[in-house]
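Chain nomenclature is as follows: A, B, C and D, assigned in order of appearance, with residue numbering initiated at 1 for each chain independently.
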Amino acid sequence: MKLWGGRFEKGPAEQFERFSRSLHFDGRLFFADIEGSRAWARALERVGIFTGDETGRVSAALESLAEEARREPAFFDAADEDVHTLVIRQLAERAGTGVADKLHTGRSRNEQVSLDMRIWLKGEIRAIDEAAVRLMGALLQQAERAPEVVLPGYTHLRRAQPVLWAHYLLAYFEMLTRDRARFARCYEAADQMPLGSGALAGSGLPIDREALARDLGFAAITRNSLDAASDRDFLLEFLFAASCAFLHLSRLAEDWILYSSEEFGFLELGDEVTSGSSLMPQKKNPDSLELIRGKTGRVLGHLVGLATVMKGLPLSYNRDMQEDKEPVFDAADQLRGALDMAALVAATATPRPEAMKQAAAGGWSCATDLAEYLALHGVSFRQAHETVGRIVRAGLAEGRAPEEWTLEQLRAFSPAFETDALPLMRDAQGIRRRELPGGTGPNAVAAALHEARERLGKVSGARC
Amino acid sequence: MKLWGGRFEKGPAEQFERFSRSLHFDGRLFFADIEGSRAWARALERVGIFTGDETGRVSAALESLAEEARREPAFFDAADEDVHTLVIRQLAERAGTGVADKLHTGRSRNEQVSLDMRIWLKGEIRAIDEAAVRLMGALLQQAERAPEVVLPGYTHLRRAQPVLWAHYLLAYFEMLTRDRARFARCYEAADQMPLGSGALAGSGLPIDREALARDLGFAAITRNSLDAASDRDFLLEFLFAASCAFLHLSRLAEDWILYSSEEFGFLELGDEVTSGSSLMPQKKNPDSLELIRGKTGRVLGHLVGLATVMKGLPLSYNRDMQEDKEPVFDAADQLRGALDMAALVAATATPRPEAMKQAAAGGWSCATDLAEYLALHGVSFRQAHETVGRIVRAGLAEGRAPEEWTLEQLRAFSPAFETDALPLMRDAQGIRRRELPGGTGPNAVAAALHEARERLGKVSGARC
Amino acid sequence: MKLWGGRFEKGPAEQFERFSRSLHFDGRLFFADIEGSRAWARALERVGIFTGDETGRVSAALESLAEEARREPAFFDAADEDVHTLVIRQLAERAGTGVADKLHTGRSRNEQVSLDMRIWLKGEIRAIDEAAVRLMGALLQQAERAPEVVLPGYTHLRRAQPVLWAHYLLAYFEMLTRDRARFARCYEAADQMPLGSGALAGSGLPIDREALARDLGFAAITRNSLDAASDRDFLLEFLFAASCAFLHLSRLAEDWILYSSEEFGFLELGDEVTSGSSLMPQKKNPDSLELIRGKTGRVLGHLVGLATVMKGLPLSYNRDMQEDKEPVFDAADQLRGALDMAALVAATATPRPEAMKQAAAGGWSCATDLAEYLALHGVSFRQAHETVGRIVRAGLAEGRAPEEWTLEQLRAFSPAFETDALPLMRDAQGIRRRELPGGTGPNAVAAALHEARERLGKVSGARC
Amino acid sequence: MKLWGGRFEKGPAEQFERFSRSLHFDGRLFFADIEGSRAWARALERVGIFTGDETGRVSAALESLAEEARREPAFFDAADEDVHTLVIRQLAERAGTGVADKLHTGRSRNEQVSLDMRIWLKGEIRAIDEAAVRLMGALLQQAERAPEVVLPGYTHLRRAQPVLWAHYLLAYFEMLTRDRARFARCYEAADQMPLGSGALAGSGLPIDREALARDLGFAAITRNSLDAASDRDFLLEFLFAASCAFLHLSRLAEDWILYSSEEFGFLELGDEVTSGSSLMPQKKNPDSLELIRGKTGRVLGHLVGLATVMKGLPLSYNRDMQEDKEPVFDAADQLRGALDMAALVAATATPRPEAMKQAAAGGWSCATDLAEYLALHGVSFRQAHETVGRIVRAGLAEGRAPEEWTLEQLRAFSPAFETDALPLMRDAQGIRRRELPGGTGPNAVAAALHEARERLGKVSGARC
């Protein structure tokens, strides 16, 4: 069965049918297509194409189709060109050719596939949001469990200043919060109902599009039929949002691969999320994190792919755009998988506070505290920075760690040092000086944790 | 002059300095850096580092610097490492080492460069928004000037159904509307004030960050110091928004290159925006549009570039991130140039209504009207589609154009045709049947035009 | 069954196993893995790990495995972690645990997967080369069938100068020739045997690597074990070669979509490779070409994806690199499909010589001939160009086509024109003036066609 | 001055000229353009357009232009549209309008820019090859200086097996060897002479293209004029080769950033190539390596950019292709800079053999040696792997390092252990067992070092 053909003398070559068919991937839109088709039947009834009885039969048959498809995966092993053709053919077999032949009145596959993708994407974004919330919850739990643990904060992968482990974890909470907002906006972009646009010029039937949008749970209707047939912005936005989320996950993965290495020793990953080697018996490899990091490339590739597809296409629909589906489906799968995987890694990781603390004390990461101390005691910051730089150089040359310095030794470099400078040189005491909002001071972090927990409880900013 | 050094025995190699210096591109942040530094001086005064008098001297000196830089482009031909060092050095020369040495108290270049980029980007987005509005205005003018002109709408680059030229232009208006919204959201992402984050751990001074945000005209403060040092999401969003805008422009370019070709003949481009050939005397080439289309690749490349830079970086700041600037600066320049160029092309293009109309009548683009006619007269759509397919095949085989058909000839294919079917076959009359919202019917388009004009008058949705 | 585990207290979580398993895609390497494993057994025999009898049993069991897998697709519906584990488990079931437990001696999955990918890729490149040759043959046939047909050559999508249809087709022949050379070099890159590299440090057994390479049909051995475990250059090269080939196909697709449009009318595509519309009965859409063009983005995306995966990975193997397979497999499938599709499109397309000729005569594409005529008659080229430019302007203004001009009218612009200038203005006569190698003159093209046919007959430049 | 115009009524808008001009970047092709123009003058003389005297005047004037440009950078601050126009205008000013107006006979800017890029690129590839050789030399020197130093080889960033520092360095030598080969092939792709192709159809003059190729030092001529005008494969190949080289450099950068961190401590970077912090006085940051790693994204972005530009362009030349230059120029600059930077980093880095050795002994990286020991003593590898896995687990649980184990303790796990197993557990003795080609055994590495030094001495494989 084909939805076209009268104009052709010969049918398509089998090779071409194989090359162009999409059922093996767009079957995923089946339930969205059913939902859209049922609503379209109701819309056709409102303009007199269907009787109430016919609408009822169509609707019941489509519902029974959906049930069968839910039960029976082999349902999708069919020879149809695409999911829309599958649905119409099955409908004809169940409810008769009469109604099936009428269902496509005033509707084109161009708008139908746009509708289906939008319905599907809205559902997918809801699921992604829930997965993001689970990961954020796992990070918060780690933070709440160890509110006083200190580790070195890094810049340039060099120990910079001590920070609270909870503060570190909250940095990722912020990134994921932005990701959720990006997906919420993408949801809004998807939440425009295209039916009634026809193939490109608007339907020839006086469809009540606003009513149809309400019926299908959409917030608005698309505004221009040519644009509706051409637009894939909402999918590009999704791929971009997924890429950003993966960039954040890739940084978490990199950090934790480092932190769980023999050299850092800050974190023990759970046996549940690590692998061994077929050759080297001692290995315990952070494969879960490596895969998360690696999949970042894949999803960025999908974004590039779809953007390149769209570049330079004339209006309105072109078949190139069929290439939108597989990357979007895969990006959604990969992201959900990676968020869940990251949540399990976070839930099963064990921090090693002693190793963190020791590292935080090392590397002269108290130097900024000393410089700021001098600056607050009348030394210009530039001079203070220079002075402490020389102290560090001396300490390294003489092998004298910060906690071993005496006041006299300090004062040899600057008379502005007093006894209250010494605590800054041990046990990451300087952390307590950073209590401004967003800082790593214990009170600031406690407040941030409390607020994060509250934000997480609330529904996402978007309607999704 | 360097902002660091006490800890080192040897200075950097000249080759390294050349490789790592950024003044030749980050000089562009100069005015933002001045603005941020003046506000920082006021913040330092509030915590007692500066006296009121010192703040005044710093502020005046910075202001005079800015004036000189505005007057004298050679101002930026300096040997400093980066724009921040340039400002401090110049400040020292004007206001004395005393205050210059204090200005950097409690502040790091990590947060400073984030602030500068945010200030700069907010300004740039405002300018882009204005350029987009100008292009949208030019498209609306074309539409309003010729509200009844008809051309063929295309799918698969085959004549599909006639549409109004104004309707076609409004499709691009919609795309640009989405672009503006994307930039507005990017503006919000940039509108978070990072100062007070220190290098990564939060400043050691009790800076009132909310006051500083108000002082600098920011909507909010960043929430986590580690994240503030690491985050480049707002730049990725900008590059993505620019890529999307370019994808839309590339499609307009493609369409208009086609429409102005000898083969289509729908549009005459202005001599002002076309070029000749050094070899072929007859050529009038649409270079302006080709360049717009070509620059799409460049900006997408910038997005890929920055995303790849960020992939897998550990927290927090890494010097790799210096590579964020050139692509963002270039994307902004290219986009502003392309929007302005497109506006000039739109303003100077002359439609050829006769050629458009003739093409709209050709290619049996009335076929859908005929099929829908049958569907509205009791024939199932599937049968109607099949019947009209055969009519088209016969017409092509016999060389009989739609307007040459008689009612008898039509009725030989289906008795459901009546005399009111014939007008659908000439002069794109079917267009009048598509009056639902978003359709190409004359009333629907008039309403859409009116609404577009109103929307354009309003300020953008965002605070920008 | 797992190939590791003694060091772990807990097994992997089911969620992690799902996230990390690869059998559903690396099953594709099964036959390569069998081939490699049989050769490895022989190598183990040479160093005394296996007896001759054991090698025989292993080899026979592996062969029977391969036979079953060929017969029974469900063979791959297994729960194993990856294809290597599947093979070992099946081997144990058939040949006993004794030999299966020994087969992995001195070998790691890191080198094994590299070997398998190399064997697989070499076969795939051979198949791609054959598909490219088929397409080139179809293009040559089109050219040979119509050696005198003329169409306008375009620059900037404006008619530039007439060229022979055969010359036009040979341009694509050249592009595909370069593609073949690129794949041949990629074959050489793949043709390095990695076994013996161990996991990263070299095998602990004194394997004769050169003998193993000969046994497996490889040209050379890899030179450094750490590099062998880390290197994915050969896959990046493949993705790049595939991207280039797709860029060429995308240009052919664009050209032919244009040429077969109602506006150009140069080419009629076969019904076999075109589609209709579910809504618009008259449509005959070039979907095959649009899909080819669209898939360009997908494959470029894969290249970006893998490059991003590799960026910044420390030596040597990291699990991120598992993400190399799916993009490479898909790129190979898409390219083979697209080459075959393009060959069918080329074989079934019918040129419309009259329309081509008429267009070639239009658009003043003879202007360059006129200018060069003047230049050969003593006028400086710059003046000649200017003069002909004014002739074109006058012709367009007065609506006088080139073939309507008289000698007097020409001479009013330049006295250097003689009667032999007039033929240049009709029937693309100027084409005969371009007989230098690479030019579009009939003799030059005939020679090029002949040479192309000869080149196509020969084997590809590479060993593949 | 313009090289076209007769056909136009109005000149180009100033805004369009600004948007489309390229002199600010294609000025870089000036010397190539001079070289090509001089050869073109000689070719024109051979076909009788120029007299010998005219050729001499043109040639002398072009030579004097080149000299002035070399002396005076402001030479390029001109208002010309592009470099070709600049050359012709300057030529007219020096040698008179007469010859300048004739020089462009039978030549188009389409082929000219292709020629210029090819000449420029060949020179650039030579320079890149030299820079690669310098870096390889610096790596070899490090290796030769410390042939016995051992460090842990890593997989999954976990200590895997000990390897020689020289072996590790040679892995990068292999990658750079492949990079050189890629550039050599890119050189061959560039080494095709396009002049005589005209704008697209072949020149109208009977130019001896082979002679011209010899005159300009090209290996061959391009084979099809349409292809010559359209082809940018050689630039895509260059961007791909540069991206691959950067991927390798990014891995070196990542490794050395890790190795020079406080946690690893394997390497001390020179003060010459590290930076401090404006806030944190103790910092010594590996900025040189971070910038190298970061620039990888930029260059990959350029590849994506140009590929996207080319996608879907109809034949032959389109102005979009002007966007080929800036990415290629920038990629060349960045790569040369990065190779030189990496060479300086390599030359100034100091390994810390004690720390490397200690780490190599840690992490049970001898486990594979033990397993292979058992396998060579009659235990199946699978059992051996399992047994050693349990030994590792016991060792970690009891805190007993490998070198602390007694034979009795080992034999409690397997009676196959003899006294000769104990040395494998200390001082990375197992390394001596890996002497097969490509392995990390001292003799194998000494041979590889020797061979590398020889290979480096030879000229690159390509003609470049």
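Just so it is clear, a contact is a pair of C-beta atoms (placed from the backbone, for glycine too) under 8 Å apart; a residue touches a chain by one contact, two chains touch by 3 or more.
Because the structure is a prediction, the values reported are computed rather than measured.
Trainee: On Cα atoms, by how many degrees is chain A rotated relative to chain C, nearest 5?
Mentor: Fitting chain A to chain C on C-alpha positions yields an angle of 180 degrees.
Trainee: Per the definition at the top, count C-beta pairs in contact and tell me whether B-C or C-D has more.
Mentor: It is C-D, judged by the count of C-beta pairs in contact.
Trainee: Which integer distance in Å separates the CA centroid of chain B from that of chain C?
Mentor: 34
Trainee: Just give me the whole-number Å value for how far the CA centre of chain C lies from that of chain D.
Mentor: The computed centroid separation for chain C versus chain D comes out at 24 Å.
Trainee: Give me the residue numbers in chain C that touch at least two other chains, ranges are fine.
Mentor: 3-9, 104, 110, 155-157, 160-161, 198-199, 258, 276-287, 290, 293, 296-297, 300, 304, 307-308, 310-313, 318-319, 368, 385-389, 392 - these are the residues of chain C that touch more than one other chain.
Trainee: What residues of chain B sit close enough to touch chain D in their complex?
Mentor: Spelled out, the residues of chain B in touch with chain D are 2-13, 15-16, 19-20, 84, 104, 107-110, 198-199, 270-288, 290-291, 293-311, 318-323, 326-327, 337, 340-341, 344, 348.
Trainee: Touching residues of chain C toward chain D in the complex: what are they?
Mentor: 3-9, 49, 97-98, 100-106, 110, 153-157, 160-163, 167-168, 170-171, 173-175, 178, 182, 185, 189, 196-207, 209-210, 221-231, 233, 236-237, 240, 243-244, 247, 250-251, 253-255, 258, 293, 296-297, 300, 304, 307-308, 310-319, 368-369, 372, 375-376, 380-383, 385-390, 392-393, 430-431, 433-441, 444, 448
Trainee: Using the touch definition from the top, list the residues of chain A that touch chain D in their complex.
Mentor: Against chain D, chain A makes touches at 155-161, 257-258, 261-264, 276-287, 290, 304, 307-308, 311-313, 359, 362-365, 367-368, 370-371, 385-389, 391-392.
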